[in-house]
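Look for chain A in each of the two complexes below; its partner is chain B in the first and chain C in the second.
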Partner chain A sequence: MSSEPTRYRTLKDIPKEEYMAPGTPLCAGCGAQLALRLALKALGPHTIVVNVPGCVALFAIYPYSSLKLPFVFTSFVAAPATAQGIVDAIKVLRSKGVNLPEDTKVLVVVGDGAAYDIGLQSSSGALHRQLDHYYFVYDNEAYGNTGFQYSSATPFLSRTTTSEATDRVPGNTFWKKDLFEIWRAHGVPYIATVAASKPVDLLRKFEKAARFKGPKLFLALGVCPTGWGSDPQMTVKIDKLAVETGIWPLKEAVYGEVRHTYIPRSLKPVEEYLRTQRRFAHLFDGKHDDLLKEYQARVNAYWEKVWSTELK
Partner chain B sequence: MKRMLTGNASAAWGARISEVEYIGGYPITPQSEVVELLSKWVAEGAMNAVYTNYESEHSMFAGVGAASLSGVRAFTSTSSQGLMFAIEMLYAIAGWRAPVVFVNVARGLGMPMILQVEHGDIMGIRDTGFLQLHAETCQEVLDFVPMAYRIGEDRRVMLPVAVNMDGFLISFGREPVDVPDKELVRDFLPKYNRPYPVVDFSNPVAYAPTIVDGYAYMYFKEQLQKAQERAREVFYEAAADFERIIGRRYEPIERYMLDDADYAIVSTGSYSTIIRGAVRRLRERGERVGMVRIRMFRPFPRDEFVDALSGLKGVAVFDQNISLGKGGVIYTELAEALYHAKERPRVLMSFIGGLGGAEISFDAVRYMLERLKDAVASGEEPRNPNWLFSEEDRRRLARALKLTLGEEVISE
Partner chain C sequence: MIIRVRLHGRGGQAMKTAGRVVGTAAFLEGFRAQDSPMYGPERRGAPVASFLRISDEEIAERGYVWSPDIIAIADPTLIGDPRANVLDGARQSTAAFVNIPTLDGIRVGDLTRLTNYDVTRAAIRLLGRAVLSSGVAGAVVKLLPISRQSLEEAVKIEMEDIGLKEREIDLNVKLALECFEGTPRVPVEPLPTEELQQFRAVELGWQPPEVSIGLIRNVGNGVEKMTGSWRVSRPVIDYSKCTRCGVCFDYCPEAAITLAGPDNRPVIDYDHCKGCLICYNECPVKGAITVEEEGLAEKVASGGVV
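Coming up: the complex of A and B.
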């Protein structure tokens, strides 16, 4: 990315403007909130936020709102369709001569439950229609707001309240759904994964996305102390570990062309990341070494491919 | 200008003359012609609107609701299963106070699967906060669309509206329909001017934040109920202007041959045409019977019913729907309306018929009247709904049951 012109070079370039009021009711150390706060800084004041049930819904609890932006709360399933109605209405209003800021944006903010599971049909429809909007998924890898139940974003071997680890099952036995690739199959202009511990990378991706008309999709890791059983003080560190172990690759796809924006030369062992969270604690009783190996092998295989194609 | 129009085309024309600015579409039998026509008119430039094909009714309602919230007059239409799929969004749209108008083409609800008319779908959304206007004819379908916007967009109301027509009979039936000039409709229907559109950055609003306290939630529900109650008087104002400007007069209920009547049959939708015809014939035979037809179902025209039915001996309610475990929806609502009436009819009797397009004839109407008269004379207290199967229905049913079960089964 360094070859491209950008206003974000170091941490000092993070915009000072805040669109999120201090004192939101989200949990201490919430990674989703960190990532969203950065995203809003990049998007600016003319952003209409569409949101559904999930942790971020707590930003607007009657009679308060923690966002200094227009906000619409819609049904769990329906965020992309709600965004479609607003984007289409903006088209109508402009055609009638209503003056709206040139950089008016519609931003959908949803968790992984809405994005990977229940709202996938609605988002597929909007992506297929090439809806000009930003779609920000804070992926805390389970239904966090309802008490951390399994979603199709839940990683392999994670314990959730509906995929318990017992002496018969090692927690969730499915691999995390690859939403990035599902999005990519829709032929959209811009897709990126982001992590709050890499703010410059995150901001640059939003900056770059602004060039494109159509869906601009972001998958943000949402370190979730409450659900993951991690130390709230460690959120940024855990976020960084997710990137450095290769579990959370930072990448983008421009019209389907994938490029990693951070390529570690060597990977930290996945164990280092998994050990920071109680949801994986059951794996370290000495009886799950095979599964841990399988986990590591899967991550290695992913990166072998990246190294061989992108590091020439 | 008079045109030969189907009910579906009348719905589309209703949207067109209301100068709808945004349309969401998704096909379903027997509604599809509505969105076909609208998409074509937008593509041709005959309508200055944006049309979007959605991937489901749920999304479609989300889209039109959000457009309405942004300050754009939005329209859609659907039917049956589609409406049920979208029902969650209907509550959201009403709660947003987004005065969307949609046309429902009434059709039964599976399972078993059925394509023909029944009012289970439209009755299924009675609690959502949508106002409801029920059309009997193609002309009413068309007229009720601008009426719906006028009432729904009124600041005292700010509620979405469902206009109901019956599948097949009306949706595909052709009638001469007067399409009023745009100029006249403009005179009747002011521009949609939403307070606090969501696209206003100078005054950002958070629409529908989560509520954690019951009292606040209850306050907003009370606001919805009050808006429904106010919609009644707004209906009368709109109807008066509609008559003055366009020349047709609508009351929340239609009263037919009620003067000096002892008995009445209550109904809604296109089967009322059959019932009205039968009532006229029965009158010719000296029966003192009349009819009341519902045009406005939400808010429920309680006072109008009390006024129309007080002093009668007996009232039969023809429900083309069933709330399973209770009975006909209109019947139960009417019972409440009449409960405190000083001269309430002694007998209120429930009939279920016409489900899934089952036919009713003069005989069915005569049967309803006979049952009613018997009950009044004998002092019977009617309990369960009476099902309107004809002799022919029962014969055909027996054949079908024999075919599938391999034995003679007589349905009672």
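Coming up: the complex of A and C.
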């Protein structure tokens, strides 16, 4: 991304302004909250937030709000419709001569449960209508707010409370749904994956997205100490490992054209990442080596393709 | 006669499991038993509760225990925390177990039947960390008409169920029995069911949208919640070593670190820092951020315990 003009070159360029108030009701060491905090810094003060059930919904337990931004809470499937209503209202107000800041934007904030499962149908509708909004998914790879039940974003072999690891079943036996590709099939202007451990990459992607009219979609990894069984102080390290093992690729798609913004020359073994979390602990009893190999092979295959197409 | 128990702790202290252990022990003893955790967001460090009803006849009640006969408090800093509602529905005769080394100077509302044991120290000694489920369960069982044998059996069943290995199960049994033995018994006086406060459904009438809609303005008043009390460990910045690189600010999920003054000096907001220690872990300069254990004494002195 180095060739493009940007306000964000190093960590020193992370804006000091905060749009999230300290004292949120979320867990200590929440990776999703860190990613959102950083994203809001790039989006700025004229952002209207639409939110659905999920961890971040706790930001607004009446009469408190942890955001210094307007916040509308709605039901799982209603977020795109709510965003549509706000976008339309802005248009109407402007047509009546109400002076709204030029960079007024609507941001839908949802977890993976809403994005991958419950709200997929209605968000697909909004993408199809090319609704001009930002859509930010904090992906903690399960229903984290209700006790960590499996979602279609749950990775292969993860233990959750509804995909237990037993003598017969090694945790979740399905591969994570590829939401990035589902979004891409809608022909939207901008899609990106981001990670809180790479703040400059994250900020630049939001900066770049602002150029486009239409849906601007973001998938952020949300390291979840409570659900994943990881040490809260390791959140950023684990997030970084997800990127460096190749499990969480950093990429963007502009009108469908995919480009990776970080291409590791060599991958760290997936084991290094998996070992940091109790949800994968059952894999290291010596009986699951084949599955670990399968996991590694899948990640390798993904990157072989990237290396052959993007590293020329 | 139903005995109603409410366990209070912080997310991560395993009060849900403690409730399960006591429930199972009661069942093994021949009682009817009902245990359930508070439904809601599971947040590490935040006040949580679990509920337990034990009876020799069928239990028709469900849900939250509003009028506890026994309160167990796994974290004494919750006593003065209005969000924890430790004293909700308690009577003067309600028995309270507090996980604290001594009851000297401790008041739990106007409750008179107080008892205690230092479960945290025992857990750290035996298990190596402050997981309190078996210990608090042992203490609560002491106040109930349940035998030591049923407690021991219940700990084994529940610890096996959550996937602990044999050695860890044995240590949990040891912890439960130590806390059972070490907790002084106080009398428990169950409230007759007919004296229970009756709750009626609240009728919500029609309200115009500007009143009834869930619209929250950009106030950011969440800052009034002092989440600093969630902290177990405190990160401390040594300004003589800090290079003002700002990495702690970058990665604080809480926005609890600000860069102040012309030299961008990082300042930790201890009223809100939850003690995740990401700043400590990410700081590139050795010794610039150190970790101090939060002393219970300080929390008591600062009004955390009333």
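Keep in mind that, in the parts below, the second predicted complex is superposed on the first by the 312 of 312 C-alpha atoms of A that agree within 3 Å, B and C clash if a C-alpha of one lies under 4 Å from a C-alpha of the other, contacts with A are read in each partner's own complex, and residues count from 1 in each chain.
Just so it is clear, contacts are C-beta pairs under 8 Å (C-beta built on N, C-alpha and C of every residue); 3 or more make two chains touch, one makes a residue touch a chain.
Since this is a predicted model, take the numbers as computed values, not measurements.
Once both complexes are superposed on chain A, the partners chain B and chain C clash. Shared-chain residue A:70: touches chain B and chain C both.
Within the superposed three-chain model, A:31 lies in touch with chain C and out of touch with chain B [touch as defined at top]. In the superposition on chain A, A:129 makes contact with chain B only, while chain C stays out of contact range. With both structures placed on the common chain, the touch criterion links A:82 to chain B but leaves chain C unconnected.
Of the two partner chains, chain C is the only one that A:232 touches; chain B does not reach it. In the overlay built on the shared chain, the residue A:90 is in contact with chain B alone; chain C does not reach it. By the document's definition of touching, both partners, chain B and chain C, reach A:60. According to the touch criterion, the shared surface of chain A, contacted by chain B in one complex and chain C in the other, consists of residues 58, 60, 62-65, 67-74.
Interface residues of chain B facing chain A in the complex, by the touch rule stated above, are 21-22, 24, 48-50, 52-56, 58-60, 62-72, 74, 88-89, 92, 96, 198-201, 204-213, 216.
By the touch rule above, chain A contacts chain C in their complex via residues 11-12, 14, 16, 18-31, 33-34, 37, 55, 58-60, 62-74, 145-148, 196-197, 199, 225-226, 232-237. Taken in their complex, chain A has these residues touching chain B: 45-46, 48, 50, 57-58, 60-65, 67-75, 77-78, 80-86, 88-93, 95-96, 98, 100-101, 104, 121-122, 124-125, 128-129.
Per the touch definition, chain C reaches chain A in the complex via residues 11-12, 41-46, 214-227, 230-231, 245-247, 249-256, 258-259, 269, 271-278, 280-282.
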